[in-house]
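Dropping the structure in here first, questions after.
Per-chain residue numbering starts at 1, and chain names A, B, C and D are given in the order in which the chains are listed.
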Amino acid sequence: MTIPMTDQKHIMLRVEEKKMESREFATLFFQYALPFAPGQFIMVWIPGIDEKPYTLSYHSDKRFAITIEAKGIFSQKAVTLDKGDLVGIRGPFGKGFDIKPDETVAVVAGGFGMAPLATLVETLNKNTTIIHGAKSKAFLLYPERFNIQRQFCTDDGSFGHKGLVTDLLEKEIASGKHFDCVYTCGPEIMMYHVFTLCEHHHIPCQVSLERYMRCGFGVCGACVCGKQVVCRDGPVFNTDALRQMRDFNTRALLKSGKAVDLTEYFSWRCKS
Amino acid sequence: MTIPMTDQKHIMLRVEEKKMESREFATLFFQYALPFAPGQFIMVWIPGIDEKPYTLSYHSDKRFAITIEAKGIFSQKAVTLDKGDLVGIRGPFGKGFDIKPDETVAVVAGGFGMAPLATLVETLNKNTTIIHGAKSKAFLLYPERFNIQRQFCTDDGSFGHKGLVTDLLEKEIASGKHFDCVYTCGPEIMMYHVFTLCEHHHIPCQVSLERYMRCGFGVCGACVCGKQVVCRDGPVFNTDALRQMRDFNTRALLKSGKAVDLTEYFSWRCKS
Amino acid sequence: MMTLQFLGKTLKNPTVLASGILGNSKDILERVYENGCGLVTMKSIGPAPRDGHKNPTVLDLGHGMINAVGLPSPGYLNMENEWKNLEQRDFPLIASVYGGSVREYQMVAEFVCSKKPDFIEINISCPNSEQHGMIFGINRQSSHDVVSAVKSVINVPLIVKLTPQAPDIADIAKACEGAGADVICAINTAGPGMVIDIESRMPVLAFKKGGLSGPMIKPIAVRCVFDIYKAVNIPIIGLGGITTGEDAIEIIMAGASLVGIGSAVRYRGIDVFQQVADEMDDWLSTHQLSLKEIKGAAHKEKK
Amino acid sequence: MMTLQFLGKTLKNPTVLASGILGNSKDILERVYENGCGLVTMKSIGPAPRDGHKNPTVLDLGHGMINAVGLPSPGYLNMENEWKNLEQRDFPLIASVYGGSVREYQMVAEFVCSKKPDFIEINISCPNSEQHGMIFGINRQSSHDVVSAVKSVINVPLIVKLTPQAPDIADIAKACEGAGADVICAINTAGPGMVIDIESRMPVLAFKKGGLSGPMIKPIAVRCVFDIYKAVNIPIIGLGGITTGEDAIEIIMAGASLVGIGSAVRYRGIDVFQQVADEMDDWLSTHQLSLKEIKGAAHKEKK
């Protein structure tokens, strides 16, 4: 018996173009034909720094991009990269969104959650409802992108509705609009509320989760979430999986492997 | 850059049928679809005994066979194998005969040399001249095979012409018959004389050489003959190669790697 | 048909989840068990909280992988929730432990033993930390010392996991057996190796070096198990590159009683355990043989 | 462009034919040279005639090979014809020697030196014989002893070929440097490994165990060269799995001055030397770099 095995050495690429989306968001473009389905991710290595997972925020036959929010050591370094700088990528990894053409769907993005959703949105029809929320106007990624109109909301009312994405989603549902599926990405607590709302209305849901990752291919266990392996079974999970996932919105593993509640997890992430 | 590499683990096969060609020659049949071109060889492993190179003496889409002459420890064991016995094979290895359809050719076999030539003969046209010599009648392999007629000769005159294969070949040439190519296999001294005769008459020649082998794929150096690697560049060599091969009919390496003249080489082979 | 007894425990088949593969929580260990694994191993537990190395830590080289995860661990005192979850388990469990000194191994193992795993494995063979593990496994005396220290404080069978970097692994195994080990587990990762990216001119792994695993190390694992089987009388868990049922049969013929699987989870998915067990079962029934009959069968001379 | 000076000899490029690959006669060494090899090595020469092991001796595992040829050699006294042929050579030559004792190494090397090879390599690292070679290469003291004994009787540069089985190969290299070695060659085959055929239940190699070579050992070779480069100041011949120009660049960045090629002859043919040299050349000119600039480039800290 022969098991097919392919080399996953880093593909070394130079930044072809850089676009600052705002002071904290940068998009890095690379010229490379990467096979990819919306929702999948790649591991991005900055030699000498670290390696982290990122979803593609743009993708075509010839090039792709990642959009990075400057947060910790790695992403702050990443947004300072410029044309000609070298990064290594591995992947794509994971399972993307399950997309059925001709469905009527909603896409709900929380702040930066729009990055993984962007390539999905580009495959959807005009009939799609897009709800995009953030802390404030500056955190609304790609304000001019897509030819489907978005409904915006901010915590501080600096743009669109003042309030939460779930407010807007609830209103849409209440208005009688039927959704075959709701896709969401954003802070886990937000995704949890979107999921709960969908459950209440019997709407299938697909969420894109985030956990600390090492291998990216289902071996090291860093990213396990309940019985799921986020890097391999996900990062996109559907309603069936979420119902049984006891760590969803409750627990995550620190780098040490210690299981902690999500508040502690995110405060750890903030420090490094 | 990715270099294609394929596993060469032994394919373990059970003897499907055994045919005693004579008291010293046995043909073992195996049911297995082996890609193969006449002149190539396989390494045959008898677990617990040894592993040696053999050419296929029969080959079809579904089965193949090797014909073995009982000589030393290994081949004496091989001819005692019977239906159901396990052997491992690796290969095929090497380059076979360069066959051009519609040529008028001669095939010259010395005794057991008919084994590697048999599958070649089966691809040739009726117009082919086959000359087959041996010590005596009992050593004339496959007396009933082929639907092309053979000219036989024996050292002792027990069958056909009394004398050497080169006598018969010379006669054919003298009679005005034109050959585009002469294929030969047999004792090296015989092949050398065939080659010399061909050179004299400007006839291209292809000979199948034999040397002690280990790897079968051009790495260990056991089988080197002049600048040629018999297992990989051969075992079939053409006139161009033979002209430059200073070890042809002169030198061979013993198992230790020691280069000796052919008489010493064969007397060593006789002992083990 | 594959059910077997192993040191008083009933296992549904001889497959074992290797330490450091997935085993970070009860939930995932349970899933591995449900996917056909006979016996699961937790990620190695250390004396103190440890983050492990920065990424890249794990790379797939095609014919195997290289890793320097660097023994991340919550630390043995910080896993109360996990132990509580594991109390409820309905599957057999190996707890793997490591330390930086004989005393640490002993301390961690003693504590972990109170949490009632079915077996305790000591990892004296990890190449991915400057201070931990491997140093013990390449020396006869230190292997002996750590094994006898741990053995004296636990009351479940002790598995000792060895490194192929030992110049004579059979000799180390013998020392461990003499010190009271109940089982030998062989092998941990081989090498170590290094991969340099020529564009950035940097070793790719943040720790630079890493241990090799997967198909490319199978011949090393088979040789180690073969050598150990000749030297000791305690059972062996054979692992290193086992990916198919045929691989499993091979290492059992070398002398293994159980078969560990790690990297193959990458190549065949989490249900590789069921696949390998089924393939073994098929092979055995086609050949009308039992596991017992093939154990150590490649040793014509002995047993 | 790739021409380089190496201990007083001019080499047309940094590729080296590994010992035991083809190198059985002057004719074939010459062909390897004509196919682009910068420096060729003869098959290791021993103190007495030796047939090596029975077949199977060499197997291709797909991602590399395993061999236990078993150091066949005509014996140093039985090669007069070969030496005569080699006198006429117009290519640089390494003669590789082995022995079963310090005295034998010395005896063989002294005699071989009188035949005027350009370099003598001592193989203190072969795993495929019960009595020869490897035992020296895994111990600091015995490595030192054999090197200084040989060094004292030869007048050409001395290359010492090491085994990755040494628990600390850099330490061995340092001992060899201290004893007078002019060059380190790393690595000989890794493992050893074993392949068992499950149908016959037999180890496939007649010698049972064998050394691993080819692509699967490249990470081990790179790590060894990296470690040795940090420890010594003499040049290194890096080999083990080198198959492409990029592999060659990688091991040079780890610290090698020359690049050995063995198993790759199987994967790419006898002209692999020219192919690798051309690929290196291409890479260097695309990157506008010289060999010198990339040597040891993966060591950001040092040199």
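Note that in this section a residue touches a chain if its C-beta (ideal position, glycine included) is under 8 Å from a C-beta of that chain, and two chains touch if they have at least 3 such contacts.
For clarity, every value in this text was computed on a predicted model and none was experimentally measured.
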- Message: Under the document's definition of touching, what chains do subunit A and subunit D have as common neighbours?
- Response: C
- Query: Where centres are the averaged C-alpha coordinates, which chain has the largest centre distance to subunit D?
  - Reply: A
- Message: Centroid from C-alpha atoms only, then distance subunit C to subunit D, rounded to Å. What do you get?
- Response: 34
- Query: Just how far, in Å, is the C-alpha centre of subunit B from the one of subunit A?
  - Reply: 65
- Item | Cα-centroid distance, subunit B relative to subunit D, in whole angstrom | 35
- Query: If you average the CA atoms of subunit B and of subunit C, how many Å lie between those two points?
  - Reply: 50
- Multi-chain contact sites of subunit D, meaning residues that touch two or more partners: 61-63, 195, 202, 215, 246
- Contacts with two or more other chains, residues of subunit A listed in rising order: 7
- Task: Just say which it is for the chain contacts: an open line, a closed ring, a star, complete, or other.
- Result: line
- Chain pairs in touch? A-C, B-D, C-D
- Message: If we count contacts the way the header does, which residues on subunit D are in touch with subunit B in the complex?
- Response: 20-25, 27-28, 30-31, 43, 49-52, 54-63, 65, 67, 69, 72-75, 78-79, 81-82, 195, 197, 199-200, 202, 204, 206, 215, 243-246, 262-270, 279
- Task: Would you mind writing out the residues of subunit C in touch with subunit D in their complex?
- Result: 61-64, 66, 138, 165-167, 190-196, 198, 201-203, 208-210, 212, 215-216, 218-220, 222-223, 226, 246, 249-250, 253-254, 283, 294, 297-298, 300
- Query: For the complex, which residues does subunit A have touching subunit C?
  - Reply: 1, 3, 5-10, 12, 43, 45, 47-48, 50-52, 86, 88, 90, 214-222, 224, 226-227, 229, 232, 246-247, 253-259
